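Chain naming follows the written order as A, B and C, and within any one chain the residues start at number 1.
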Amino acid sequence: MLVKYIARRFFASVIVLLGVTLITLVLMDRTRGTYVPGIDLNPSLRPEDIARLRADLGLDRPFYLWYLTWLWGALHGDFGRSMIDGSTVMSHILDRLPNTLELTGTAILIGLVISVPVGVIGALRRGSKTDHGLTVISVAGFAVPQFWMGLLLILVFSVTLEQHGLPWLPSSGAYSAVNGGDFLDRLQHLVLPATVLSFFYVSVWSRFIRSSMLEVLSQDYIRTARAKGMSERRVVYLHGLRNALIPLVTLIGLELPGLVSGGLVVEVVFGWPGIGKLAFERALQYDYTTVMGVTFFAAVLVIAGNLLADVLYGVLDPRIRYG
Amino acid sequence: MIGQSRVAELETPGAAIEGASTRPAQSYWNESWERLRANRIGMAAGVLILLFALIAILAPLFSLLLTHFQPQTIDLSATFGTPGSPHLLGTDELGRDTLTRLIWGGRVTLGVAFLTVAMSLTVGAGVGLVAGYYGGWLEDVLMRLVDMVLAIPAVFLFILMSILFRPNAITLAMIIAFVGWGNVARLVRGEVLSVKQRDFILATRSIGARDLRLMVKHLLPNVLPVMIVAASLGVGQIILVEAALDFLGLGIQPPTPSWGNMLSNSESYFFHSIYLVIIPGVTIFVTVLASNLFGNAARDAFDPRLK
Amino acid sequence: MAAPLLEVQDLHTVFATKEGMVKAVDGVSFELNPGETLGIVGESGCGKSVTALSIMRLQRPGKIVGGKVLFKGQDLTKVTEDEIREVRGREIAMIFQDPMTSLNPVYRTGWQVAEPLRLHHGVDSKKAMTSAIAMLGRVGIPSPAQRARDYPHQFSGGMRQRAMIAMGLTTTPAVLIADEPTTALDVTIQAQILDLLRQVNREFGTATILITHNLGVVAGMCQRVMVMYAGRIVEAGPTTDVFAHPKHPYTWALLRSIPRLDADRHEPLKPIEGLPPSLVDLPRGCAFHPRCAFKVERCTRDVPALLPVGETQLSACWVTQAGGELKGA
């Protein structure tokens, strides 16, 4: 049962992945026609040099050939080389990936730790002042632009504090270039960007958990549980929460792509050397192979995230497992 | 049977007065609108957004009558002014009036947001309705397509698009809508699936109604609440996306003001004027907040289960 | 006669709604003796379920605003949370209408059936599971050891309801309250479940309160019956007597409205005219009078009390209390 379910989802995912890459490359195709590698470095290239460079990079081949060649390479993890510095795209990705994972992983963790209790409390004390207060904070948090929040935090905790001679938090990078790299140093650098990122998660997830809990608590089996004479705590946590968390798992699984793309703005604002920032910088420099590689990677993560969410859902909900 | 007894009751003198009282029946729409109106915070939020939209549309008028400035007017003698007269919200690094730029920027930001929502809803609802209604292979194909579009990492797409061609408001709206319509399609299809189960669809079909008629006249009104909620929440989300893009330099380019790009320089000039950092940010925050509050209120009003 | 097991005295439960205060239970009094089966009959919204829930203090968001529920020397409306929890599931068990939604979908059935034992008798999981499996077998579920490991959705409707009954009985409670236990089931399965309930009553001696809107179910199952209307009891008595000669116009009309196989096929059906009253805005006097075929002037003024009419029955009707007879076409 479960195996069939997973297999079906996997197959669908593959199709989706192919589709995504196709769409993305179609869009990318527009640069291909006019891009001249190295034009920034040497504006006085002769036409024949240009033609040679383009031919080397295979920029003149018909689209389907280009797409298939690229796809073949991609499936082997070969995204070609950066057009700027010549090193492989994959090495760039692997270089930056851990940083991104560090940041978003931490943010998701903090998000979970805070939003589950907040959501549960909001559901249990529905309508009370506590609930209203928490709701206000959640709704507000959902409306704050991430880049603005980052900006403000930097201005307050980095710039202003430093100005006044108080201990301040670093505003960019994952670790200090000089004498840095140890755990405490990394932690210091992590604080501000992780706060900004997790703020968003907490706002969304706590509302979600609250409404999921409310729905679960109105179910008949909760009434049955109470009729069996168990304590309210047992009813809520053992019988209620277990059901309420199932949809959350799906939500988090869908956040997986956010691991890469969601953090992009935060990475740029805080100069965090992750994949998002990589894509952003390289895009501005027209390094399309790198951008393509990162995009593909992100698309794989999106699809993997969906698949993971579906699988987890299937595992946690016995109705699907033994359906 | 019931009609008969009502008549019987009226015939018996006095029965109508001491008879059983009944609650007046109310249609789903009326009940929902009443619930929405009762939610004062939500209504206030909705009014606020409309107000902002109105101000944005009438931007030239406000420029002329209220602030007496144009958004591009440079005045190097009045840089980094603090709020007061004549610059009600101060000025930026080139002496341009902040309030004026805020109003004109609202034009861009809100314009993109509403346009995007309109496009997303149209395409998304269309696809969702067709997919949900017809089912079968058509639904599978359409939903796979939706999966594909949604799987495209939006951020990277934006980056790609923006370097390919410098977007103006309309193309920006198209790009964001392209990425977002998938969610609407999924939502609408889900609603259609649940509405489709209800017997009145079968009944309508059994009297020979054509597909298109069924979809438009019967399914659509039932799906509308979900769309309204999605639209209200969507406006806020799109404003955030648009502002982020502008901030990164991928969206609307200066000197055309938008709330996002008004913030991109402000970090460098923070020492000179903190208002430059605060004012556009607060504006975005308030607008998105209003959109969220209204969207939540709409959702509470239209969801029959939350009674 | 032995002392009654459960005594409800003038119970009042209300719900606060937008339209006003709904008097769901409006002065209900009755007794339940050990081992007997009592049926509570009435239309939807008449307050029968709320009465049962109020006994167990599960009536939230409603509030019990008056009356007593005497059980084993305690007034259940006044005891503490902890004390009522001791009673729930252990002394008084309740099973509900829809077994699909009344069982937690994410836990195995056996585990749920064994839960009251673990909770109330402090039995360890293994022993509790053994007892649960035994009980599942006793309620007629084949291969109980395997079935105990299944999830609720893997059971058929009838089997699920049997599992719920098993769950209610594991602690051998003194009282079992069944709220519309057969309404969500096929007719053929209904009969089986009713048989099971009768068997349980005989073998375990559990006093049973059966709540239903179906007169046929009551006839087959309950020794005594109470008819409720608009939050009040309008008639009570031994089932055979009440059905043979009803002493309240509502009961009379209910019985008359049931289509009969042996009736002349051209005879029109006889529904009760009118609609049930709004519980926020009850009519003056007897709540049934707007729909009553026998009403007199007094019915529009004074609320009738539940008083003996005839040898064994109680009825809340001015007409029959004064000796009037209920006859009609």
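Odds and ends about this structure:
Basically, a contact is a pair of C-beta atoms (placed from the backbone, for glycine too) under 8 Å apart; a residue touches a chain by one contact, two chains touch by 3 or more.
Not measured: the values here are computed from a predicted model.
Each chain gets a centre from the mean of its Cα atoms; the one farthest from the centre of chain C is A. Taking the mean of each chain's C-alpha atoms, the chain whose centre lies closest to the overall C-alpha mean is B. Centre-to-centre separation between chain B and chain C, using Cα means, comes to 50 Å.
With centres defined as mean CA coordinates, chain B is found 24 Å away from chain A.
The distance from the centre of chain A to the centre of chain C, with each centre set as the mean of the Cα atoms, comes to 54 Å. None of the residues of chain C touches two or more other chains.
Touching of two or more other chains is recorded for no residue of chain A.
Against chain A, in their complex, chain B makes its touches with residues 144-145, 147-157, 159-164, 236, 240, 243-244, 247-249, 263, 266-267, 270, 277, 281, 284-286, 288-289, 291-293, 296, 305. Residues 56, 58, 81, 85-90, 93-94, 96, 98, 101-107, 115-116, 119-120, 150-151, 153-154, 164, 167 of chain C are the ones that touch chain A when the two sit in their complex. Every residue of chain A that touches chain C in the complex is listed here, in rising order: 219-221, 223-232, 239, 242-243, 246, 316-319, 322-323.
Interface residues of chain A, counted against chain B in their complex, comprise 12, 15-17, 19-20, 23-24, 27-28, 30-31, 139-140, 142-148, 151-152, 154-155, 159, 215, 257, 260-262, 264-265, 268, 276, 279-280, 283-284, 286, 291, 294-295, 298-299, 301-303, 306.
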